[in-house]
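These notes open a run of structures that come right after.
Shared between the two complexes below is subunit A, which pairs with subunit B and subunit C, respectively.
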Partner chain A sequence: MRQFIIRRILQSIPVLIGISIFLFLIVHAAPGSPTAHVIDPKMTPDERARIEAKMGLDKPLPVQYLNWITEILRGNMGQSTKYGQPVKDVIKEHMWNTFYLSIVSLILSLVIGIPIGIISATKQYSGLDYGFTIFALFGLSIPAFFFALILILIFSVNLKLLPISGMVTPGNPISFSNFKDIAWHSVLPAIVLGLGSCASFMRYTRSSMLEVIRQDYIRTARSKGLKEKVVIYKHALRNALIPVITLLGFQIRFLFSGALLTETVFGWPGMGKMGYMGVMYRDYSLILGVNLFLAILTLIGNLLADILYGVADPRIRYD
Partner chain B sequence: MEKVVEKNINIEKEEEKIISPWKIIFKRLRRNKLAMVSLVILCIFIIMSAFAPLFTPYERDGIDFEAYEESPSRTHILGTDDLGRDIYTRLLYGGRVSLSVGIVAVIIEVTLGVILGGIAGFYGGIIDSIIMRITDIFMSFPFLIIAITVVSVLGPSMYNVMLVIGFLGWTGIARIVRGQILSLREQEFMEATEALGLSDFRKITRHLLPNTLASIIVWSTISIASAILTESSLSYLGLGVSPPTPTWGNMLQAAQKQYVIENQWWLWIPPGLAIFITVMSLNILGDGLRDAVDPKLKK
Partner chain C sequence: MSKKLISLILVLALVFSIALVGCQKDEPAPVGGEADDKQSANEEKPKEPENPALARGNVLTFGESSLDGLFNPIMGSNVYDGYINDLIFRGLASNNTAGDPTPMVAKDWKLSDDGKTYTFYLNEGIKFHDGEELTAEDIEFTYYTMADPDYTGPRWSAVADVVGAQEYRNGEVDSIEGIKIINDYTISFTVKDVNAAKFGAGDFGYGILPKHYYKFENFEDFTALNQKPMGCGPMKFVNYVVGQYVEMESFDDYFDGRAKLDGVIFKIVPDETKAAQIQAGEIDVAQLTADPKQVEIATKSNLATIHQQVGNGYNYASFNLRLDKFKDKRVRQALMYGLNRQKFIEVVYQGYARPCNTAVSPVSWAYTDNVNKYDFDPEKAKDLLKEAGWEDRDDDNWIENEDGEEFTIMWTTYTDVEWPQKLIAVAKENWKDIGIQLDCELMEFTAVDNKTRNERDFEMYNMGWSLSIDPDPTGIFDGASDVVGGYNCGGFHNDEAEQIIAEGKLEMDTEKRKKLYQRWAEIANEELPYLFLAYRDELFAINNRVKNLNITPYETWVYYINEVEVEY
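What follows is the complex of A and B.
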């Protein structure tokens, strides 16, 4: 196990280097000089060259890359032009907003998705099963922003029950004292964000449950005269949840990356919206910072998924 | 004596009726009513948008100076937008772009994925490790953020959207093809190709890839759905196909104004429903195909 983890971490090093080179090249291919925000059109070419030299833009690409990556390794991700703050602080500020929304919707989707997946599997081909299956297909097929707009139309505009956008009522600070206000604002975004993952949890649970309940040991359990409930929830569920745990591991990345569309539609000040703003305002340090940060999180999430898989299923050997 | 001969003839006749695996798959699929309904809906959508001029009296960007932001009526069955353009007409032409972006993007994904996955699975070793690390790189990106970054660097256009979705989305099929070829190459028929002295290229293209075709088709169907979703998201954000070319996604951009959401449902509900129905049909068809290819999961 330890060997496996060490090997996986070593494997991610070239992947990380590849990611950083790829990101660096994309941002470098962007039209317009990154000095555009600093440079005054009235400046003489001399002054402009001095600023470019100060920013290191006159050096060859590989040197620029090395300079950039050493700064990143030192913990300096540069200055965001859009927010006027160091990129690190901007990310820190938005990260927890996204985390809160994601964790609420993840719990929501687990609590709903897994039980209906189990019911669907135990009552295969019943009306209930068809109903849930169609619900899952609905969840996977509807564009998130369209679903969000419909919910806004129904619950915010027509019924006037829930706020249209934002994380708090304007004027209130984002803090624990406003918990009720924040909770109220997060109802719709959490539903939109949770729908898709709820659907995948349901489908995963259903198909892996169907596979498990056909196995011999379940027949043995039944022929021992155990109650159906014990057979399903104690004997079958444990094995059926193993693939679901992998899916859960893959969801770790979304805890911080958030959903760009959901956050943009609801004006939720999270990572997705921040990334969108970064792109719209050509804030290259921010774009690089966000993408790199989220890519690292993804790598960690995938590693955790593999480890969780092994913990949940001791039959899996790492070699 | 004659009877025996007759029997033999009968047996021969029965043997001649070869049922190919594809026929079996199609037969199973035909029994799946939901999947067949989806197939019909998709065909209708494709025909209507491909032959759009036959289904509408209006031009794509034609302006009706007497009808701005008009609610649905007999002359404009889905109303008009803020420039007086017929929504139903734009929906038809928008389908052209949305569907072709989905299909072309998936063709790019499949081409890249099959080549790289095939090479990785067949040769293994260091080549496999390198290719798998490259897929790891592509799988680690936050998809939508990297997509809008690349599109904004390249400039929003239909071709760039196709390219971005295609070049970011090939990892799934690469891993599937690689996995299948890893197990296929250990089978006996591959020893036969070895004995015949076939070239690697022939082994891969004639003997290995045809065996993975069923999974490629299933995967492609579902991927067209997600490519259409991605295109609509990018266009909704203003980073996809830019107006006046309509797509279902950029028609939904109208709904970025709260006034439109509240008062002009015909501007944004129809394109949203079009995306939803298309994507749902593709997903159902994909599921149906998977069940037909691998009936182990059913029954």
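What follows is the complex of A and C.
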């Protein structure tokens, strides 16, 4: 097991180097530069060129890449041109907001998605199953943007139950002491964000459960006279969860990457919106920093999923 | 069937019940009006005030869609960061409704007889938020910083014309010859060339940075203070929560007297729900998109009224004048006559804009109505094209020149906002009637900017300008700006305009300048460097509890924050 983990970590080093080169090239291939957002006739081309030279953008690309990657290895992610702060601070300020919202919606979708997936599978073709399937299709197909606006219209504007946007009431801090206020603000965004993943968890659980309960060992378990509950929840579920765990492994990245549309509609200060603004403003250091961070998380997520397979299914061994 | 229906209803109920369960368990804090323990007076108010905004107390909440967090008057370039900077900092001079300079930190100034030396006499006893007094050294420091070799903010232009600034920036000298401290409360700036547009360009309006706080030993430490601003303005910075709000409180020792408000909050609200938040009273003031639907939403609850004004700017589509087909001004005029701009404005702005015919805004003192209105007239357009050698020679309804080339236009535009695509749809239809084929290519804004300004590889593109107070068009229509990376990307050259631009800077008499720039407006109207499109209106929704909030095109409301009052 330990060997497996070490091997996987070593394997990810060349992958990361490849990703960093690829990212760097893509970011610099986009038209425009970090000063492009200063639209001002008083900004002369000479002055623009001077500022860009100060940022090191006048050097050949390979030199720029080496400068950037050396700084990254030293732990310096550079300065964000849009936010006027070190990239590290910008990411730090946004990632926990995103993490909080994602974890709430993830728990919400797991707690709802997996049980209704199981129920759907065990009661296949029943009214309940059809109901849940319609719900899943609804959840997967409704645009988050539209759903969010509908919820805002009903619960915030008409019923005045929940705040329209934001993460806190102005004047309150983002901290544990203010948890109630934050929880209150996160109800709608968590529902919108959770709906889609809830539906896909439900679909995955249902189909893999259906596959498993047709296996011979389930018939054996039943013929041994085990109670249906034990058959389903002890023998079938454990095997049925493997694809769900893969899905969960991918979700680790999404815990931090954020959801652009949901964050935009609800004014949630998360990674999705921030990364998007970075791209629109050609904030090179910020785009590179955010994406490298997410790339590392993706690799970690995949590794964790591989390890969790072994936990869920003892037949899978890593030697 | 009915079974399925029931399960569907059950499922939907499940979805919504999550929200409702949340409501019952948590204590429903009234939205926007947090329980304020300090003010017991609030408890005596009726439980459900008609206007929920009243619960927020003596604090004005302004809703806006984004902040960069560059709270430094010489670092930020975003309008909204600008509001905050104007509240926390104050510059040497400000301006009034007419756009004329008015005293601020400087109580008075004098211009030397040769028109090159500005001497400022400062108000005595101005205090920064930490209690230190503002002196000429702080003014010097602020303008030296803009000229520092390590400074990469956007404000170099404010000192670029000061004697010795370039040498200082090159590292050749240790001090700027043209900036002289005469005593603690007097400082002078000497510029290389007379420039009548200097005040109107805002060069003396940038907020003064306290030297003892900002220091500028290196650029990193300087920018590290971006989110801890300190100036001498009417509002003191309290707190910034990224992506959420900026909190400010009134500064007791503000040199012009303490504001009537206790503070100002800038709340970041998504554009999608800005009008809804006005309707619900969650914010007091916001600028709305010029759209009747937004106005309807914002005023539905009768909590807010709309302030509408013509903005100091215009939307345009630029020609690439280097291309043969656009060189003849009759062709450009034909395109103007052949486009139903009135209809475009009705469709897109629905009453919140008017046709624009020249490069000067109606709010400017240099505006003249003595211009060709280019009312929609396809016949006239066809005649003009014929005169210019474009007519339908092979009866296919498209016009050709002598060589048989058809008139086609590729319009480069961006998808970040809606109006360009709606405009192009109207133009495609209209120009088809005069025999011109229009196609468009879509990209995002920065890509359009790069393609037009840096690569200059385009036929037509559209954008908009927000103008400064002074009508001097340097930087947009002068020949010197027709360089790679310059804003004269269409390549407009006109001798008379060039002369006016030069004379306008030297002429100190406002009446004479007015005549000059009115002539410039006529030239722009006749020569059409741009296809002028629309003067947009600016809309602000203001909660009825807010009093004396003055907004005019030249003065943002933050200039008059001291007079603003709210009911509570």
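Some notes on this structure:
Convention: the second predicted complex is superposed on the first by the 289 of 319 C-alpha atoms of A that agree within 3 Å, B and C clash if a C-alpha of one lies under 4 Å from a C-alpha of the other, contacts with A are read in each partner's own complex, and residues count from 1 in each chain.
The criterion applied here is as follows: contacts are C-beta pairs under 8 Å (C-beta built on N, C-alpha and C of every residue); 3 or more make two chains touch, one makes a residue touch a chain.
Nothing here was measured: the structure is a model prediction, and the numbers come from that model.
Judged by the number of subunit A residues each one touches, C leads among subunit B and subunit C. Within the superposed three-chain model, A:Ile287 lies in touch with subunit B and out of touch with subunit C [touch as defined at top]. In the superposed pair of complexes, A:Ala295 makes contact with subunit B only, with no contact to subunit C. By the touch criterion defined above, A:Gln11 reaches subunit B but does not reach subunit C.
By the touch criterion defined above, A:Thr264 lies against subunit B and subunit C together after alignment on the C-alpha atoms of chain A.
In the superposed pair of complexes, A:Phe132 makes contact with subunit C only, with no contact to subunit B.
When the two complexes are overlaid on their common chain A, residue A:Ala29 makes contact with subunit B while staying clear of subunit C.
Once chain A of one complex is fitted onto chain A of the other, the partner contacts of A:Met95 are absent, as it touches neither subunit B nor subunit C. In the superposed pair of complexes, A:Leu149 makes contact with subunit B and with subunit C alike. Once chain A of one complex is fitted onto chain A of the other, the partner contacts of A:Ile164 extend to both subunit B and subunit C.
Residues 30-31, 149, 152-153, 157, 164, 264, 280, 282 of subunit A lie at the contact with subunit B in one complex and at the contact with subunit C in the other.
Across the complex, subunit B meets subunit A through its residues 133-134, 136-137, 139-142, 144-146, 148-150, 152-153, 155, 225, 229, 232-233, 236-237, 239, 252, 255, 258, 261-262, 265, 268, 272, 275-276, 279-280, 283-284, 287, 297.
Within the complex formed with subunit A, the residues of subunit C that make contact are 3-4, 6-8, 10-12, 14-15, 18-19, 22-23, 26-29, 31-32, 34, 61, 66, 68-70, 72, 75, 77, 150, 152, 154, 156-157, 160, 201, 220, 223, 226-227, 239, 241-245, 247, 265, 267-270, 272-273, 276-277, 279-280, 282, 443-447, 449-451, 474-476, 481, 483-487. Residues of subunit A touching subunit C in their complex: 30-33, 36-45, 47-49, 51, 54-55, 79, 82-85, 93-94, 97, 108, 112, 127-128, 130-132, 134-135, 149, 151-153, 155-157, 160-174, 180-181, 183-184, 187-188, 191, 195, 264-270, 273-274, 277, 280-282.
Interface of subunit A with subunit B (complex): residues 11-12, 14-15, 18-19, 22, 26-27, 29-31, 137-138, 140-146, 149-150, 152-153, 157, 164, 207, 210-211, 253, 257, 260-261, 264, 272, 275-276, 279-280, 282, 287, 290-291, 294-295, 298-299, 302.
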